[in-house]
Amino acid sequence: MDRVKRATHHTTARDEDLTCKPAGRSRAPFNWAVRVYYEDTDLGGVVYHANYLRFLERARTEWLRSLGFEQDALRERLKIQFVVVEAKIGFRRPARFNDELLVSVKVRETGRASIVFDQDIHAAAARHAEICRAEIRVACIDSGNFKPKPLPPELLTELAA
Amino acid sequence: MDRVKRATHHTTARDEDLTCKPAGRSRAPFNWAVRVYYEDTDLGGVVYHANYLRFLERARTEWLRSLGFEQDALRERLKIQFVVVEAKIGFRRPARFNDELLVSVKVRETGRASIVFDQDIHAAAARHAEICRAEIRVACIDSGNFKPKPLPPELLTELAA
Amino acid sequence: MDRVKRATHHTTARDEDLTCKPAGRSRAPFNWAVRVYYEDTDLGGVVYHANYLRFLERARTEWLRSLGFEQDALRERLKIQFVVVEAKIGFRRPARFNDELLVSVKVRETGRASIVFDQDIHAAAARHAEICRAEIRVACIDSGNFKPKPLPPELLTELAA
Amino acid sequence: MDRVKRATHHTTARDEDLTCKPAGRSRAPFNWAVRVYYEDTDLGGVVYHANYLRFLERARTEWLRSLGFEQDALRERLKIQFVVVEAKIGFRRPARFNDELLVSVKVRETGRASIVFDQDIHAAAARHAEICRAEIRVACIDSGNFKPKPLPPELLTELAA
C-alpha cells in the first residue's frame, strides 16, 4: 500500500524521466511457479497451447507485484493498464497434468509506453526441460480510452535499478 | 437496433409491469448448437466440466438475442447486466472432442429481478444422448453498483407472450 | 513417491475396506489460496462464474496431494480418475481482479465410488467475505472405460483417520 | 464419413506423395464466424488475448472439416494429431463482447510434417476492422508418442488442388 502512495505522488515526475533506458540488467531473473491442473490440459493429455499465454501473464503479474506494483492500484489510481500487443511463442515440449512449471520474466527492452519481455517456461522437476520460449510485447494504455500512455516513471526507475 | 430503441423508451414503464408473471409457456423450446473444440476438452478426452457452464451461457445469450435483446445494448443504455447467482448441474454423460451439442433454454420462472432457467445439453447426433442438465438462476443487476435491478419490462412482456 | 508405492501395494486390500465410512471429521479444514488473474475475469470486472469451478477443483487437487495422493499416479498406476458428476453453487459476492481467495475443502460424505465435498471460497483479506459456496459430488471412475470404480482403500483410510 | 473411409484406404500412398508442394493458392479464402461471449472477455471489457488463439484454432478446425477431414477420425484411424509448435500474433485492435468476428485461414506453406498458416481476425461488422494477425505453425504428430508424422497424403492432395 505504501508503494501505491509512492505511485501516486511520483506522477508529477518530468517527462524526461520517461525516455527509454536499458532495462535492469543487474536484476536477478524472476521465476514464478505454476502447477498444471486438469483445467489447463486438453485431450492430447498436455497443456492446451493457448494456456501458456495465461501462465506467462501470471508470471508478469507476479513480477510486477514483486517490484511493488499492484495492477488494480495502477488501474484505479493512474488509469493505467497493460495489454499484450505482440506475442511470439515457440512450443518446444508439452507440459503435462500435475507438472510444476517455472515461468521466467526478463525485460529485454523498454520503450516510452511499452515493454518487451523474454520469457520461458521450464519444468520445475529434475532436468528443467524447456517447455516454451516467448517474446511478449506489452503496451501501457489508458484504461479509459485504450490510447498509449507512458510507463509510470517509478516503474522505469525500478527497471533501471 | 430498433429493439434497442424500444428498450430505451420503455424504461418509463410503471413498476406494476415488473411483477412476477408466468414465463412464456407457449414459447417453443430454444436450442443452440455448440461444437466441442480442443480448447473445451481436458486430458480425460472429454469436455472439462466447468466449460459446460460456458455452453449454457452461450445458449442463454443467443436466446436473449433471438428475442431481440442484445446484452451490450442493455448494458450501455439501461446499465443492466445479468449474472449467474446459482447453478445446479448434473453431469450425466461426457461430451467428446468434435461432438456437436444442442443446448436448450427454457424459462422456469421469473422474479422481479431474476430468472430461473431449466437447461440441458444433448448430443446433436442420432440418439440425442443427454450430456447434462442444469438449473441456472440469473439476477438482473445494475452494471455500475452490482445491486439488483428489475428486469426490463419489455423482456417480461416477451417472456409472458 | 513412497506414497505412490503404497498406493500400488495396497490394491490387494479386501473389498470390505471399501464400504462407506464417516469422513475424517477430526481433520482440520483444508484451505488453498488462489490469486485472481486477468484471465479469470470478465467484462463485468469480476471473476467469470464458470471459473469458480476451476478454483474449487484446484483446491480439491491440492487437498488430495496434501494427503499424499498424486492424481497422475492414481491415473497411471490404478487407472483411476475423478470426475465431477454434480455441482451446486451459490454465488454470493463477486471476486475481483487481484483478489487473493481461500478455497476450502471438506468431505461431507463418501460412498463406495464417490465423494461429496462442501467447499466455499472466501476473500483472504480482512473480513473474509464469502464469495461462493458449493456442494460438489465427485465420482471415481476407470480412466479407460469411464465406469465407476471403488475409491482406493487407502484414500478411504485417510478420510476416516 | 465417406471421407474418413478415403482417409483410411489412402494410407498406402507412397512416400513421394508426401513431399512439399505449393499450397492450394487457387483456393478461395476460408472464413469462420466467431461470436464473442462473456467467457471470452476480461475486465478490460475486451477479448482476453490468449483467447484469440482459441478462435484461430476453431477456424483451422472448421477449415479442415470443410476439406472433409474430421480430427477425431484422423486421431482414431490414422493416429494423427495436429499441435501448434509456433505462434506469432500481433494484436491490433480489441474485440468486444457481443462482436461477431471473422477468422480467416490461409495455408502459407506445407512441409513434410507441418503446415504454416496465415490467419487474421476481422470484425464482421461494417468496416471489417482488423483485430489481429497471426502466423501459426502446426506440426502433424503421432498421437501416441508425440513424434512428427508425415501429413496424410490426401490432405496434401487437397492443399495442392
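The letters A, B, C and D name the chains in turn, as written, and every chain counts its residues from 1.
The rule we apply is simple: contacts are C-beta pairs under 8 Å (C-beta built on N, C-alpha and C of every residue); 3 or more make two chains touch, one makes a residue touch a chain.
Please read these numbers as outputs of a predicted model, since none were measured by experiment.
Taking B-D and A-D together, the pair of chains sharing more C-beta contacts is A-D.
Look at the CA centroids: the one farthest from the centroid of chain B belongs to A. Between the CA-based centres of chain C and chain D the separation comes to 36 Å, rounded to the whole angstrom.
Centre-to-centre spacing of chain B and chain D amounts to 30 Å, using the average Cα coordinate of each chain. Centroid to centroid, with C-alpha atoms defining each point, chain A and chain D lie 28 Å apart. Multi-chain contact residues of chain B (touching two or more other chains): 38-39, 44, 50, 54, 57, 96-97. Every residue of chain A that touches chain C in the complex is listed here, in rising order: 35, 37-39, 54, 57-58, 61, 70-72, 96-98. Note for the complex: chain B touches chain A at residues 38-39, 41-46, 48, 50, 96-97.
On chain D, the positions that touch chain A within their shared complex are 44, 49-51, 53-54, 57, 81, 83-91, 94, 143, 146.
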